[in-house]
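Following are the structures in question.
Note that chain A is present in both complexes that follow, paired respectively with chain B and with chain C.
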Partner chain A sequence: MATHVGEHNDHGHAHAPGLQHQFEDMKQQEESVSIGMWMFLVQEIMFFGGLFTAYLVFRSKYPMAFAVGSNHLDAFWGGLNTLVLIVSSLTMALTVYYAQKGNRNMQVILILLTMFFGAVFLGVKAIEYTDKWNHGTVPITGLNKVVREGHGDSHASKPIEFSIGPKAYAAEAAGGEEHAYVNPRGEFQWNDYDLIEKKVAEQKADPNAYILTTDEKNGYFSYGELDRDKFRDKVRIFYWIYFVMTGLHALHMVVGLGLMTWLGWMAFRNTYSAEYYMPVEMSGLYWHFVDIVWIFLFPLLYLLGRHFIAGGH
Partner chain B sequence: MQTQEAIRPSITDKPRQNYLTNGYTIKSWLLTKDHKRIAIMYLISVSAFFMMGGLYAAAIRLELLTPASDLLESGTYNKVFTQHGILMIFFFLIPSIPAVLGNFLIPLMIGAKDLALPRINLLSLYIYWIGGGLVLFALMQGGVDTGWTFYAPYSTTFSNTYVMLVGLGIFVNGFSSILTGLNFIVTIHTMRAPGMTWFRLPLFVWAHYATSLVMILGTPVIAITILLLALERAGGIGIFDPAIGGDPILFQHLFWFYSHPAVYIMILPGMGVISELISNFSRKKIFGYEFIAFSSIAIAVFGFLVWGHHMFVSGQSMYAGLVFSFLTMVVAVPSAIKMFNWAATLYKGSISFDTPMLYAIGFLGLFLIGGLTGLFLGAMGLTVHLTDTYFVVAHFHYVMVGGQVIAYLGGIHYWWPKMTGKMYSEFWGKISAMLVFIGFNLTFFPQFILGYIGMPRRYASYPEEMQVLNIFSTAGASVLGVGLVMPLIYLGKSLINGKPAGDNPWMLPGLEWRTQSPPPTENFDVMPVVTWEAYEFGEENGLDLEAARRRDREMASDFQKN
Partner chain C sequence: MAEHGTHDMHEQHEHEHMTIPKYLLIFGILFIGTIVTYLVALTDLEWIFPGANTLVALAIAFFKMTCVMLFFMHVYWSPKLVKLSAIASFFWLAIMFAYTMQDYLTRGTGVFGQ
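So, the complex of A and B:
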């Protein structure tokens, strides 16, 4: 193949497939496109970087509220999504491999697989968001399920212990006491104060121990006593950050699916070969980047507070 | 070796196809991928925004003519200075030199046919138009009154104006800036002509490389910050609201993490232009090429570490303040290196005072004052007295207007013959440069004194004893206004009946002067091979100094005749 192209180059490079007029040869074009894509990813890192900074700031201000909030995210779904995305990265990487081989059928199959996994990811996210809506943990007033009168059906009231799985809330409903759950305006709801009450008691028993941060000592209390409303506000901040981070990530997934649709169509028309496969590789870089963002989001959001349940600080 | 003829083909050659004559339909402009046409469209757009911002400035100066708040009531005044700031910073200063001159010249200077990613370049223009359109729409609806800094919680909770819409416009516009920067970095890395090594690049290109780094690393942070602000405003809850334990200081940190480096987006390209002008109109190789090149990079790097000096009195930790104060002194060093090198370049140079050079010399004086007063503000003790006074206003106008706008005007005059193929009236050019310089100083120097005696910024009224200096300032603003409108007239006139400029009217060695004026669509007929260093004025380079002097004498006699 390579020598074949070499012969054509003798007549001038205008014949190379996909070569744009401003470039002298394919190598220059590939280099340019590649640097451009990496620069784009750098700006993406800075974009998410602002969010991670906000996360870090509030995590270090209110670690207990973040731990409690995190314990109510379902690590099963989060873990499943992590797995789904890692597999989708594999299919994406294989797509690039087969594009370089010029194997049209494998490209199309793998792109469809990648899109399938992307769709599964978004589906799981939809399940999780619905769950938040049902349990009144969406931080924005009016975006939660409106319940005018009701009885102790599942809502955020107890931590999910270590039972990782979709049944976590059901376990709590069986053992927990019955609350009348009413949420007429769709406001943010919070009832789990076990951990913070335990920590407050520990702090009061030993005022010199470093159990609560200074911001927590200022932020959770009214007149020296734990103020549940104030604590709830901090948990609400955690959920706000959760929704912004995962929401923006999901938006990037949607863009990625659009990109894959276009790429699949181009691959179906047999556009890519050993000489011209940069669009596949660049789309792959984007896809891997979105995956990697999730790899950071998963532990920070879902796994963060688990060790507090086991008694760690 | 290049011959005289190769450098300066005869003006009498019959006109050939150039980028302006390559298609006359509106479609041929709106769908062009030619960096030169995109630059011209940017030129028209940023000029329009500059005029709008200028009208707001005029309203501010008229209101401040009298101590009472009589022309504008306070609420309106808040909107007027906010919109002046937003239009000037996001829609004029940031795109001015990079998107107009950088876009036009970088491919010419490095010997490329176009930018590496021409479609992305066109996309950036459209994004700029969409962002600008959103902001203009918001202004027509009633505008915004938060100040261009959008400080929370006023912007998130209390302001009853179009914060969301303006925020959206700035968010969108940011991506135009990111894509321009991305394109420049790629182009400078991969599109250089054979022989055009990194250290043969004109310093204009180095300055744009540094600027592009800041654009790529900084702009996404303001994008996410504005997004968080908009979400907080829309949702009624967020991380900047102190009522629920949020942190308004975090907003300032995130905002200035972009907006301080952004002031380097607004000065580095200007420094690049000045390096060209100083060297070329002294007809002398620039002094300390590597130092100027790397000082641009150093400014871009250190510029990211000093944002806290905007927040000395806003509640950040005192120890953070100490570090930021120290780093602020450090970031002044690379700028000083540039100033010394420019001064050393002038020494024993064969200086000619053409219009662009008048602007360059004006820049040296104004930027010196602007930069040094920045050190006053970076000193932790003094800044407590000066924060939020007119001293700050005067300082950043000396840097932004005295630096970037003056450099931009100098650059436009310098490359006008290349962009249009026409020469403007040197006489009116000089008059306008002088008026801008005088008017500028008259406007802003009194503001240093006003700030020092305690006039706060962002108020429509002030004590009566401050009126005299304010009258000076307003009078200066009118002179400045006349100076800024004049180029519109004589540059416009040159398009109609200007003398043909020839390919190399200033007799310079740079690659952009070795193609025809205006350049053909593909920039060069044959791929140039660079065999000379930057700013090499030797005769073997085809730059006959005698001819240049002859030309100067002709210019001088023309000037007297006028």
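So, the complex of A and C:
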């Protein structure tokens, strides 16, 4: 060691294979790496924060449209995905634990498990998106299933006016005997006005009660009556936010799976040990961050209006 | 050499704070938190005050996030600068929410409102 005094006086170099030459020792390197990763996560928080701000603004303006829109998301799939992500977070945390122990086999197994749960999450998301596509609730015109009269499944024989009529979802929920859903133009379709009509009736019965917000009183009505087209536009805002937020989150999952592939390969090659495991720890931070985003997305997107209909509405 | 050795010991010691039973405990808390979130969402709490459901859901979400950050992400044993970064990010987020909403919530719909 003493002979190496000079430009490359990195006294850990020969002993710690992961130590970069610009750092004094592993401790300093680990702190630098972890602060760099946290700076990245902080900007990710701001990145998602912009979307949460959009959510906050529009939900505070049109809470009932958000509640009604949310009630048509499948809380079972959303809740299942929450649990799946929590399990994957556990396996990720245990990966870090075993990387610190230098246990190669457990690392590889746990990384594969983490990837499996990540893939399950994306699969469930795909099921949900497909359901939205089939029901015409993708907010982009032309990006929904187009059902032509006389073609396709049993929906198609129904007349077109059913597509903008009120009862499609309700009929389906009632057991699907009247499978009224038709989406002839592939536009954003909305057929559930039960809850908002109930709330409008409550508001009219007691004009001074705080049931609808001022924006809702302006935004849902034409000539003093509930305007379904106007209300549907507000539900559409909710679906825009739903697709952008969950889509961006899913994109993070895809990136995370790529990261895990690399990490798994590196772990398989026995790269990590008690001295050098920061790549595992940092990938873990990313994975847990994505989990945290979903912890907030689940109640905010899937559950926000359930209590309005839970009492046997 | 000796110095390097003590760092290693220090690191080892530091990460012994989290053991497998503790990881499982945190996992259990997160799991139960998810179930509670779901059950509370099906219960009408509007009689307490409007928006009570959302407040409870967010409170549980914050609690779960805190568990994940402190123990899965090891913030609890991290340098102060990491803790500061984590807290500061939420502070900035709060500023963004607050300044945005103080605009939107105070926009009238006319001279005398509705």
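Methods note: the second predicted complex is superposed on the first by the 261 of 313 C-alpha atoms of A that agree within 3 Å, B and C clash if a C-alpha of one lies under 4 Å from a C-alpha of the other, contacts with A are read in each partner's own complex, and residues count from 1 in each chain.
Definition applied: contacts are C-beta pairs under 8 Å (C-beta built on N, C-alpha and C of every residue); 3 or more make two chains touch, one makes a residue touch a chain.
Since the structure is predicted, the reported quantities are computational estimates derived from the model, not experimental observations.
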Discussion item. Quick check on the superposed pair: does A:261 touch chain B, chain C, both, or neither? Answer first, second, both or neither.
Written reply: neither
Practice prompt. Could you say whether A:284 touches chain B, chain C, both of them, or neither, answering first, second, both or neither?
Written response: second
Worksheet item: When the two structures are overlaid on chain A, which partner does A:75 contact: first (chain B), second (chain C), both, or neither?
Response: second
Item to complete: See if chain A has more residues touched by chain B or by chain C, and give me that chain.
Response: C
Item to complete: Would you sort A:105 into first (chain B), second (chain C), both or neither based on which partner it touches?
Response: neither
Practice prompt. Applying the touch criterion given at the start, work out whether A:222 contacts chain B, chain C, both or neither, answering first, second, both or neither.
Written response: neither
Item to complete: Look at A:210 in the shared chain and tell me whether it touches chain B only, chain C only, both, or neither; answer first, second, both or neither.
Response: second
Item to complete: Name the contact category of A:89: first (chain B only), second (chain C only), both, or neither.
Response: second
Discussion item. With both complexes overlaid on chain A, does A:240 touch chain B (first), chain C (second), both or neither?
Written reply: first
Worksheet item: For A:299, is the partner it touches chain B (first), chain C (second), both, or none of the two (neither)?
Response: second
Discussion item. Give me the intersection of chain A's contacts with chain B and its contacts with chain C, in residue numbers.
Written reply: 31, 35, 39, 42, 46, 49-50, 53, 57, 61, 215
Worksheet entry | chain C partner contacts - residues on chain A that touch it in the complex | 1, 11-12, 15-16, 25-27, 30-31, 34-35, 38-39, 41-42, 45-46, 49-50, 52-53, 56-57, 60-61, 75, 79, 82-83, 86-87, 89-90, 92-94, 97, 100, 210, 214-215, 217-218, 274-275, 281, 284-285, 288-289, 291-292, 295-296, 298-300, 303-304, 306-308, 310-311
Response to the item:
Per the touch rule, the chain A residues reaching chain B in their complex are 20-24, 28, 31-33, 35-36, 39-40, 42-44, 46-51, 53-54, 57-58, 61-62, 139-141, 188, 215, 219, 230, 233-234, 236-237, 240-241, 244
Item to complete: Sort out for me which residues of chain C touch chain A in the complex.
Response: 1, 3-4, 7-8, 10-12, 15, 18, 20, 23-24, 26-27, 30-31, 34, 37-38, 41-46, 50, 53-54, 57-58, 60-61, 64-65, 68-69, 71-74, 78-79, 81-82, 85-86, 88-90, 92-93, 96-97, 100-101, 104-105, 109, 113-114
Worksheet, complete the sentence: Listed in rising order, the residues of chain B that touch chain A in the complex are 112-118, 120, 178, 181-183, 185-187, 189-191, 216-221, 223-225, 228, 231, 235-239, 244-247, 250, 254, 257, 522, 527
